[in-house]
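Two complexes come next, and they have one chain in common, chain A, joined by chain B in the first and chain C in the second.
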Partner chain A sequence: MKRVDVSRFSSLVRKHPELLIGLALAIPVVLLYLYALTTLEVKSKLLFSTASALLVFFVGAISLDLEVGSLGLPNFGKVAFFALGAYISALLYSVYDVSYLVAVITALIISSLFGYVLSIPTVRLRADYFAIMTIAGGEFIRFVFQNEKRWLWAPSILPPHTPTQIISNRAKIELTNISPFNMRLGDMDIYHVLESIENLLRIRIFTALDIDQLFVWEVTLLTVFFLIALATYWFIERIRRSPYGRTLRAIREDDITVTSVGKDVFRFRWQVTTISAFICGLAGVMYAFSFNAFEASDFRPELTFVLYFYVIIGGLGNGKGVFVGTALVTLFMQAASVEAVQRNIYMHVGPDSPLFGSFLEILQLDIFINPFNMRYVVLGTILILFLIFKPGGLIPEPRTDNEKYLSLLTPYERARSDEAVSARQSLTEKERLFEGTEDENDS
Partner chain B sequence: MTLPNLLNHATLALVYAGVLIMLTIGLNMVYSVLKFSNFAHAEWVTMGMFASWWFLQILSYILPWDTAHLLNNLFVHAVFGFLIVGIFGILGEVLVFDRLRKLKAGLDSAIVASIAIGLIVRNFLAMVFGAYPEPNRAICPTCTSQPSLPGFLPDLNNIVTIKLVENDPIFGTQWIRINASGILIIVTSIAMVLAIDYVFRHTKFGIAMRATADSIELAQVSGVDTRRIVHYTWFLAAGLTGMGAAIYRPYLTGPFNSLTGLYMLLPFFAVVILGGVGSFRGGIIAAIIIAYARQATVVIFSWFQYPGGLEEILEEHIGFTITFSPGYADAIPFVILIIVLLIRPRGIAGSVEATRERV
Partner chain C sequence: MTVEPDDCDQYHLEAEDIHRHFGGVKALDGATVFVKKNKLISLIGPNGSGKTTLFNVVTCWLPKTDPFDEDGGKVVFEKERIDDLSAHEAALTGMIRTFQTTRNWQRLTTLENLLVAPPNQTGESFLNIFLKRKKIREEERKNTLKAIEVLEFLEIMHIRDQLAEELSGGQLKLLSLGRLLMTVPSLILLDEPMAGINPTLGNKIMDKILELKENVTIFLIEHNMDVVFNYSDEIFVMASGKMIAHGTPDEIETNRDVIEAYLGEDY
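Up next, the complex of A and B:
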């Protein structure tokens, strides 16, 4: 019985080698997360923050994936749209007293407008110049939020009411205080129904995870986020499967050929940038709910880099991969932020340490190994390893099957088409940029 | 209405231009030889600062008698910074970029990889040296409070002040105030550019490097060992950046941390793109333009904020105004980048139009 299982698993691994890498990453991460869960007194707090971070960043990452994975535009200014979504929705609602729906819609419109405006001068540039320009765009938005004290700062809560950079998120504060939402799930009748069902089935997940300690607003928020994430996923997968998505992939592979068949590449690029800015603005509106108050320095370029972790580890160009990447990295980041885990990782290696003390004394080193920096070192290393050894990510983009069209051709036409493809490939951007590396291998 | 202290601002801008020139030589070299923008460059700057600071700590510990600063001086620290950062430059090439190139990975992967390297190095430095360079046992007591340290051959904190006008009703106060460190930065930056320019134009090594930059295949046909040239390029580029950072460090007035380099990344790219990829003399002009544009923004925007300035005028006559904060000066590179990439993508002196390769 057991042998059958093993052989089935090994054949599965042979078919999908990325499964093994996935497991090698997922098992320690999940174990670390479970360990973090067991050390907590109220487990549902961590569960809520994990789930909300997962959903928010999934929406952000999938909008990035539409640009990088499907179109090949490495946008490093994603944080700008997070900032615009979060800031404008919170500002309009809490300072200018606009109704929340209008505030959100304005935020989305402004962030897609910014995406459009930023795309006009940049999408024609080569990939690295595009990256520089988008980083600069993201920093520019941050400067504006930092410096525009007349319009974009909020009056402080304390009496003199001088404008401060810190925006208190009234939408979240109100949501946590309105009557049905401020109750714990354990006080609701429906929870007891669920619990009795659970008791009937003799599983104890709800009790084990302290689900009754969750607030109603948390559950509501998660439900709304889940629906938004699902809708975004569906929308983007729809785009990918449509002829529009096929054109995008063709542009990513070889924009010159696409131009030669009469497609306006520039139009496709700005359209996708704008759509992606819209979705990322939505993620920004959602992201605001993870703060009671936030300020401009919460939107640093690191946020964009974290999105790249999700997309590249998970797999470019498909929603499933992005989800897997987001889930893995979010679990890791959340587990690393739990206090008990931090205490275990924290280490001071200095002259007073027993092992290399005198050596470090001469070198004048005091090394503080702390989880906050360590997690970025680990994630960065994993990212580079993926880029080198598994560029497709954990779940690679499904290859389009051209065989069914090519089989319709006559052998002569088939040979002509193969010839054209190979001739074209030698001229693609990759080859032009990294020419001559084969010769190095030879020599 | 008295003028602000324009001469002082001009001096500050000149030193800033020197810093930009010094720190962008390496970026420009990697750009022109390897044809990709190295985002980890910012971390080389940070690493150079930390490395030279660290070597100062070591030397003050093992050479306590060296009060005359025969060995424990800025130039030794700078050489140490050169070696350490240069070695890391080669490591990045051997471990990551070389492999990526062999895989024929796209430009996107190289960019993402360089950003990831930057992230790793930044956080690694933060762990090793702490977020701020503050050792818990002060060996040189002034080191912790003040990063501009004792004993840089002549005392670098010597301030030269030339007062031209003082409390004049029209011109206000105009002075030139520069410390020895600022002068050292300007001199070093010019010397570095001239030296590198000479190496690139007139030595065999530099010509091989330029041949590699033009076409790797042709260079190989002519018998150039391009692999060695690429490694030397990384070593020199990273090393010069680390050395520049070590020389820049005593000029800083506040403590530096692991993010210091990252904040300067955009001005760096603005200098390289405005000056033209592959042109070091263009870089000088670009650095001066950017430094002066930045300082001018500070002057003009703070002038707008004075009573009776543009903000008040707008408020009175239109009833609507925005804040002209001098903090926008940091966004100047962004504006310059947009203008350059729209109007003249090859920069002031670049000969190869490297920017627009897409349809």
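Up next, the complex of A and C:
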């Protein structure tokens, strides 16, 4: 019999205390998600929506993390870039008949421009006032989309084609209808490959998850999203590791000192907000694919706050943390939205339960039992606990080490420097203080 | 004013007739300073006499005044007017300052604190991150070597790998001095470099500052009179936004105005 080595686990936990908190969060979330999966008839539907939400929000969250985690600029208007990306790409394609590629590029450019505009006040504004201003900026964009009838409303599908707020996303509708994208994966030849892998491994994982029920467009979309997310991750990590990213962190710590050594802090700020706006606009274009049609009220400030959940729970200032945070929260949100989960929790601990049922009904607390209604309460509580006890998040920003720089030196230079470090470290504080002065006395 | 520029060439920094007010308070009221090249010039005066404000004006740290305001003055550094520059542009001319309260990048290592400082790094331009990777590596190597040199010079090699938030107050003072050296300055403005640290370490910092004097002009605000009178080549004395005296340490020590305004009879 194989025995689990507990001592190894405990030493691992002692080394990384975050692991315990992570498991305490991940285990219930994963169990809830697995339970949600088992209640569904076609499990791949939930899998698809989870995966696409995860990828879309990961791209959005990592762009937020570049601003908040690396530069220390709390942008609370991220939803505006989602809205700009989604609206402009969809409107240009469905209403103004521009080719989709041009529509997307235009959306990204406009989104970046808005990011640049938002950065201008940072010359004078302190971070907290910047946060307030960006909330207003986000709401401003939403109200423009809601009320500008001439340009930003789409003619309704039914005659007499009066403009409505609702934008139908023609790109997605077309994608879901064109062959071969409208076929199910089970009908494609490639599925036999998956089946043979299944037979080889003797685990019926693809069958169990109803992968054959997925549409080809769903698989294609996920693949494209995955590639975009991967590229974004690589791009942002590259920025973080460069001298540019180092200066960004210095600005986050203290911008006045950065100015005092002759660096234009504003240049870094506008560049980062613009890049981040570009990426977030891209997330908006991706986000549009979760809807056949959308309207301005799909872009409320909650979307920004959800991004903050991801980033703070996962860990500011590093892409891995953001991914973990996004994955945990998305799994929870998706599981909570499954009807059977809501109904069954209702039955066991809600008003239908034999034990407390009537009590809850009298107090009219039954609405709180529904995990979907409670999702923001749960997340908000977790967020507050994190901010108090673990502001670094599940995966904190890695402590910078000098290895990166020291490895650039030749072995000789490196050894000399390391020797000097340990030589000085071995001295007492008093010896260090008087070392120089004694030399002078001798001479 | 008592000072007249006799030979312009020897002046590294000239600030003439600087006026500055904050609300109703006149912080600077026609202050004038001439800083000679490769000398250690001290600026002393009671608290609130406008010393730090003068530093802020000279390094273009304060917001620009509008032309109709009575605030203004002329600042010339290395024979060029720099009044219109922004703070970071002024720093790029080779005039670097420190702050009264030590400011450092807390969650960066000591080595990184130094590596951020060199101006106009290739790797700080966004496109270069992706296009000029080789050049960035070379530059990083060069800067790392230089940073190690600076650490050795300041004798703080032992804190190379520590985060700035883990350092003591004295180490932070040395670190901010080191950051300044990474920028290759020609004039350094030190705002109370010895405030709040023990006298032995203070002397050590002073030794280091004096060693720099060969290549660099030093403009110093300090309240430690022993240091000021022992090491300065020239001393300016400020009171209520005006220069009340200027001269060698011996001249200042016996100046009646200075004794009344600042030093007191006992000195």
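Throughout what follows, the second predicted complex is superposed on the first by the 367 of 443 C-alpha atoms of A that agree within 3 Å, B and C clash if a C-alpha of one lies under 4 Å from a C-alpha of the other, contacts with A are read in each partner's own complex, and residues count from 1 in each chain.
The working rule: a contact is a pair of C-beta atoms (placed from the backbone, for glycine too) under 8 Å apart; a residue touches a chain by one contact, two chains touch by 3 or more.
Because the structure is a prediction, the values reported are computed rather than measured.
Chemist: Of chain B and chain C, which one touches more residues of chain A?
Modeler: Between chain B and chain C, B touches the greater number of residues in chain A.
Chemist: So, does A:Leu158 touch the first partner chain B, the second partner chain C, both, or neither?
Modeler: A:Leu158 sits against neither chain B nor chain C.
Chemist: Scan A:Ile256 for contacts with chain B and chain C and give back first, second, both or neither.
Modeler: After superposition on chain A, A:Ile256 lies in contact with both partners, chain B and chain C.
Chemist: Who does A:Pro74 touch here: chain B (first), chain C (second), both, or neither?
Modeler: Only chain B; A:Pro74 stays clear of chain C.
Chemist: For A:Leu200, decide between first (touching chain B), second (touching chain C), both and neither.
Modeler: A:Leu200 sits against neither chain B nor chain C.
Chemist: Return first, second, both or neither, reflecting whether A:Tyr244 touches chain B, chain C, both chains, or no partner chain.
Modeler: Once the two structures are laid over each other on A, A:Tyr244 reaches chain C alone.
Chemist: If we overlay the two complexes on their shared chain A, which of chain B and chain C does A:Val265 touch? Say first, second, both or neither.
Modeler: Touch status of A:Val265: both partners.
Chemist: Is A:Ile190 contacted by the first partner chain B, the second partner chain C, both or neither?
Modeler: A:Ile190 sits against neither chain B nor chain C.
Chemist: For chain A, which residues belong to both interfaces, chain B and chain C?
Modeler: Shared contact residues on chain A (touching chain B in one complex, chain C in the other): 256, 258-259, 265, 432-437.
Chemist: In the complex formed with chain C, which residues of chain A make contact?
Modeler: These residues of chain A touch chain C: 238-239, 242-244, 246-247, 249-250, 253-254, 256-265, 271, 275, 397, 399-402, 405-406, 408-409, 413, 417, 420-421, 423-425, 427, 432-437.
Chemist: Which chain A residues qualify as touching chain B in the complex?
Modeler: These residues of chain A touch chain B: 68, 72, 74, 76, 121-129, 131-133, 135-137, 139-140, 143-144, 146-151, 255-256, 258-259, 265-266, 301-302, 305, 308, 312, 350-351, 361-370, 373-374, 376-377, 379-381, 383-384, 387-388, 391, 429-437, 439-441, 443.
Chemist: What does chain B use to touch chain A in their complex?
Modeler: Residues 35-37, 39, 54, 57-58, 61-62, 96, 99-113, 115-117, 119-120, 122-124, 126-128, 130, 135-137, 139, 215-217, 220, 226-227, 262, 265-266, 269, 273, 321-323, 325, 327-328, 330-331, 333-334, 337-338, 341-342, 345, 354-359.
Chemist: Which residues, counting only chain C, touch chain A once they are in their complex?
Modeler: Per the touch definition, chain C meets chain A at residues 59, 86-89, 91-92, 96-99, 103-109, 111-113, 115-117, 119-126, 129-130, 136-137, 139-141, 144-145, 147-148, 152, 155-158, 160-161, 163, 176, 179-180, 182-183, 200-201, 203-204, 207.
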